Amino acid sequence: MVADNSSKSLSVTLRVWRQAGPAAPGRFVDYPARNLNSNMSFLEMLDVVNDELTKQGEEPIAFAHDCREGICGTCSCTINGKPHGPGHGIATCQTYLRSFKDGDVIVVEPFRARAFPLVKDLVVDRSAFDQIIQAGGFISVRTGAAPDANSIPVPKPDADLAMDAAACIGCGACVAACKNASAMLFVAAKVSQLGLLPQGQPERDQRVLAMVGKMDELGFGNCTNQYECSAACPKSISHDFIARMNRDYLKASLRSALKPTSNASGGGAG
Amino acid sequence: MATLDSKVPSGPLADKWRKHKADIKLVNPANKRKYEVIVVGAGLAGSSAAATLAELGYKVKSFVFHDSPRRAHSIAAQGGINAAKNYQNDGDSVYRLFYDTIKGGDYRSREANVHRLAEVSVNIIDQCVAQGVPFAREYGGLLANRSFGGAQVSRTFYARGQTGQQLLLGAYSALSRMVGAGAIELHTHSEMLDLVVVNGQAKGIIVRNLITGEISRHAADAVVLATGGYGNVFNLSTYARGSNVTAIWRAYKRGACMANPCYTQIHPTCIPVTGDYQSKLTLMSESLRNDGRIWVPKRKEDRLKPPASIPEEDRDYYLERIYPSFGNLCPRDVASRAAKRVCDEGRGVGESGLGVYLDFADAINRLSESGVRERYGNLFDIYHEITAENAYQVPMRIYPAVHYTMGGLWVDYNLMSNLPGLFVLGEANFSDHGANRLGASALMQGLADGYFVIPYTIGDYLASQRPGSRPSADSAEFRGAEENVRSLTDRLLATKGKEPVSHFHKRLGKIMWEHCGMARTRAGLEEALKLIPALREEFWANVNVPGSAETMNQSLEQAGRVADFLEFGELLCLDALKREESCGGHFREEYQYPDGECKRDDANFGHVAAWEYQGADRAPLRNTEPLNYEFVKMSVRNYK
Amino acid sequence: MAVTGVILIGFVIGHLVGNLQIFQHPDHINGYGAFLHGLGPLLWAARLFLLATAGIHIWAATVLTLENRAARGTAYSVAHTIQATLSSRFMRWTGVVVLAFLLYHLAHFTLGTAQPATFKENLPHYTMTADYKIAGFPVVPAGAEVLDVYSMVVRGFQHPLVSLFYVIAVGLLSIHLLHGFDSMFQTLGWRSAKWANGLRRVAIAFCLVYFLANAAIPGAILLGKVRVPAAAVQEASTR
C-alpha cells in the first residue's frame, strides 16, 4: 500500500435532473453507479455513467465542464442541495468520490436561478454574467494607449486584496447558493477588484452603478446578507466585498445625484 | 504546392518590425467599419485580437464554443508571463529574451518573429496593468518578478498561481467593453466547423450553435483563428477537455498548411494517471523541483513498498546521478524522458507503475515543515485534494504529461496562413516557439499576436480588398461548406454503432502516447501509422452517437472533435516519422548524443515542415520553409 | 430597507427606554405619557412618520420576498443551508408575528379596544406628585391630572396570556433584530471581516439586552414586583 489513497470501491445511486430543453418538463431519474473507484472525480463518474447510457442507446446526461481543475468556472452541478458539492472552496470538478459513502443516494440538480435559464439536464445559461461585465466590468483603455506599467504603483495590500476579488471564476455558485438567487458576490468581486486599483478610479462610480443596474435588470434576486454565497464559492470570495460594493454604490449614487456635469458635447477634439 | 513566403522584412533584426509597420498598407479610418472580421476563439489570443480590431473600427464577429469567452483554456495557465522589462535591473533585454526563446526552441523558430515577440512583450505588461490585471507587487508598490526555467534573469510577471486567468479576464474585459459598445457581435456556444474559401481566399466560416443545433454561415473580409492547441489528441493531457484541433484541422483541409505538428511539449511534473476512467491530468508547478528530490527504487521489487521503508542506499536519485550539475532542475524534456526511462525499466511507483517520487523529506529537514508549507503550501493542497495524500509525510508521485503543442497552422510574418485572408494566432499557429516552448512564453505570444501584431498586419491584407467585396453567405462556396458540415453530422449520427466516443478517444490517446509521446522511434511511428487508420475505420463503423443534431448534443460535439483527432493524429505521427532528427519536444531515439541530449540535424532539417492536404485518399504533401539563422549561431543546447 | 431598519431600531430603543420608567415611581411613565400627548401635532407627525416607515418596511419586505422567490424559478428538491443563520432565514416569519403583535399592541394601549376596562382613558386620572423633568426641564408639573398609563400597563400585563404574548413577540422581534442589526451594517457598507465578529457580538448582546429588558416589564408585573399603588386600586374599586 502506498498511502491512504489506495482505491476503494463504492456504489451509489445518482438521482439526476433530466430535462430535454427549457420548455420540456423535467424530472429526476435514478441511475445506479456501481463499483466506482474512490479516486475518481465526480465528473469522471458522470463520464462513466454516460458511457454506460450510450451503450444502452440512451441519451447521456448533459453537464457543463471544461478545465476539470477548478479554474474555468464551467462545471455547475448542485450536489445534495449544495452548489459544487460537499467540499469547501472547491468546484464540482474538484469533488472526488471519497467524499461519498458506499450506498449513498446523490441528488444532482442544475444551478437554479431564473437569470440562469436551463439549457439541458444539468447545463444552464450563465450569459447574464457576461452581460453584467459588458455593462461596465472593465477599465476603458485602448490597446497601445497604456503608460509604463511601473508608472502606477499599487500598494501591495491593495494589490493583494484586488487579487482576492479577482480570483472569481464566474461559475455562478453564489447565485445558485443564495436563497434569493442574488448575484451580489459575483458583481461585488469585479467591482471591488477594479475599485481597489488606481487604474479603476476614473470610472469607479459609473461602473458600480451600471453593473448593479444591469444585475437588477436581469432578474437576479436581492441580497439579504445571508452569506451562503461566500460559503459556497469555490474561490472563497469574501462577502466583505459585498459590503464594499454597497458602500461604493451608496457613494456613487449620492455623487451622481450631486455632481455637476459639463454641458460641453463630446467630440471636441474634432 | 503551396508557396510559403515568410515575408520576413529585410534589414537589421532590431529594425525589422518598426520598418515593417512603417511599410505596410493602412486602411483609411472611414473604411474600417466597412470591413468585417471573424475571430474564432477568445482565449488570450482571440480576445485581445477581437477587442483591438473592434477598437480600431473594424466590425468584428467573435465565435467561441464555450458558454462565455472567459472560459477559454488560457484561464488555466498558472506560472506567469515573460517580458523583457528589466525591472529587476539584472541584465535582461529584448535581445536576451529573444535569444533565450530561440535557444529554448532548439533553433527551430523564425528569428524575426521571435525578436518581434520579445520587443512587444514590454507593451503587453503595460497594457494588462492598465486594464486592472492584479499582478503581484513588491512592498514599494512596483511590479514583482520571479524567475522561470530556461532563463537566468527574473522576467516573469505573475498573479499568484492564476496568471492565465487574470490575463484572460483582462482581455475578456476589453472584449466585453467592445461588445457592450456594439462593436463586437459575440457568438458563444458556437463551434466553427468549416472554413469557407472563395477564389483562394478565406472569406467565412460555418458554425454550429451548440445549444440549438442550428448551422449558420458567416461571411467576412478576413478570418482569424485563435483556437488554441491540439494536445488532446493524446486524450490525457493538462488541457481542458474541450480543447480540440477541429478549427485548424478543417482549415487545413481547405488548403491551409499545417506546420510541425509533431512538436509537442511534455511537462515532467504532473499528477500521474490512476485509472482508465481518468479524464484529465493536472499540472503541478515546476517550481517544486527547486526543493523536491526525484527518485525511484533501485530494484523493481521495491516499487510498491511504502517509500519510507526503502533505505537511502536502495533509492536511485536518477536525475542527480545522470545530470550532476543541473540535477533535479534539468529542462522539461530531459526530465520527462528520464522519468519515462526508469518507468519503462519497471521501477515506476504507484499502482499503475507510471510515477516517480518527488520527495520533500530533505527539504523538510532543512527548512522545517512550515518552511516548505510557506513556499509550496497551495501546491501541496492541490495535490492532497486530488490524491488524498499528505505530501509532507509521503513523497508526491509525479509523471510527465502532454502540456503544449508548438506546431499549428503555418503563418508568415504577418500571421497570415498560406490561404490569403486566413490569420492564425496564439497556440493555434506554429510561429514562435520552434521545437520547444519556454515556460511563461505562451501567454506572452498569445497576447503579442492579438494586441500588437494582428492589428497592424491585418490592415495590410484588408487594404488590398475592395470595401464591400466580401462574398455573400449565399454563394455556392458557402452552401457547399454547409452541406459538408451537415453530411458529417448526419454520418456521425447515422453510424449507430456500439461504442461511445470516449472509447475511441482513449484508444487513440494510448497509441499516440506510446508511439509518439516522449520518445519516438521509426518502428513505433510506423506502427502508429498502421494503428490509427485502422482505429479510424473502426470509429466510423462502430461509434455510437445518441440523440439528434437539433438540440444540445455533447456526444455529437465530442464525436466531431475525435473524428478530427483521428485524422490529425496520423499527420502528427507522419511528421514525427519524417523529421529524422531530435529537437526540443521531438525526440527520436535514433538521434541522440550519448548523454541522451537531442541530436539535431540542421543541414537536413533546419526547416519548417508545412503539410499540405491533398484530398482524403492521397498522402499529404510535405512543404518546407528553410530557417535562415542570420543573427544567432545554431549550436547544441547544453544544460549539463 | 436599511433606512427603515435604522429608524425602526431607533424607535424600539427609544420606546424601551421610555417603558423602563415603569420601574420607577408612576410619576415617571405617566408624566412621560402626558408629555408625549402634550406634543399635539408633533406627536402626530412622529406617529405618521413611524407609520410610514413601518409601511415602507413591510412593503419593501414584501417586494423583496416576491422578487427573491421569482429569482429562484424552479426550487431545489434538496434544501441545503451552509451557514445562513436561522434569524436571517426567518425574517419574514418573525416580522409577520411582530406585525400581528403590533396591531394587538395598538389596540391594547393606544386605541383601547383590546382591554377597554383597563384602558388608560377609562381609568381615573392620575395626579402627579412631583414634576416630570426631561434633561432637567420640568415638562409636566406636580399636581397635574394625567392619564394613568402606569396602571394600564400593570393591569394589562397582569393577565398571564397577554404577558406571554408580549414576551414571545418581543423574543421574535429580538431575533428579527439580531439579523437586522448585522445586516444593516453590511447593507450600508460598514461591515468587514476585521470586525465582523465584534459586530456580531455587539448584535447578540444588544438583542439579548433588548429582549431581557422588554421581558422584564411583564415579568416583574406577573411576579408582583411592580404593582398598582394601593390608593389607585382602592379608588378604582370604589367607583
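Per-chain numbering from 1; labels A, B and C assigned in written order.
Definition applied: a contact is a pair of C-beta atoms (placed from the backbone, for glycine too) under 8 Å apart; a residue touches a chain by one contact, two chains touch by 3 or more.
Since we're looking at a predicted model, the values are computed, not measured.
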Contact graph of the chains (line, ring, star, complete, other): line
Quick note, more Cb pairs in contact for A-B or A-C? It is A-B
Separation of the C-alpha centres, chain B versus chain C, in whole Å, is 68
Dist(centroid_CA(chain A), centroid_CA(chain B)) in Å evaluates to 26
Chain A and chain C have mean C-alpha positions lying a whole-number Å distance apart equal to 42
Chain B residues touching 2+ other chains are none
Within their complex, chain A touches chain B through residues 1-7, 20-21, 37, 39-41, 43-45, 47-48, 50-51, 53-55, 57-60, 62, 64-69, 71-74, 90, 94, 96, 98, 119-120, 123, 125-127, 129-130, 133-150, 152-156, 159-160, 162-163, 166-167, 169-170, 193-194, 197, 199-200
As the complex stands, chain C meets chain A at residues 64, 67-68, 70-85, 88-89, 91, 179, 182-183, 185-193, 196
Seen from chain A, its contact residues with chain C in the complex are 26, 28, 78, 80-82, 107, 109, 112-115, 118, 177, 179-182, 219-228, 231-232, 238-240, 242-250
In their shared complex, chain A is touched by residues of chain B numbered 48, 51-52, 55, 66-71, 73, 75-76, 85, 87, 123, 125-132, 134-143, 159-160, 162, 165-166, 169, 172-174, 176-177, 179-180, 186, 188, 211, 240-242, 274-275, 277-280, 282, 304, 306-307, 349-351, 385-390, 394, 397, 451-452, 455, 498-500, 502-503, 544, 546-547, 551-552, 554-555
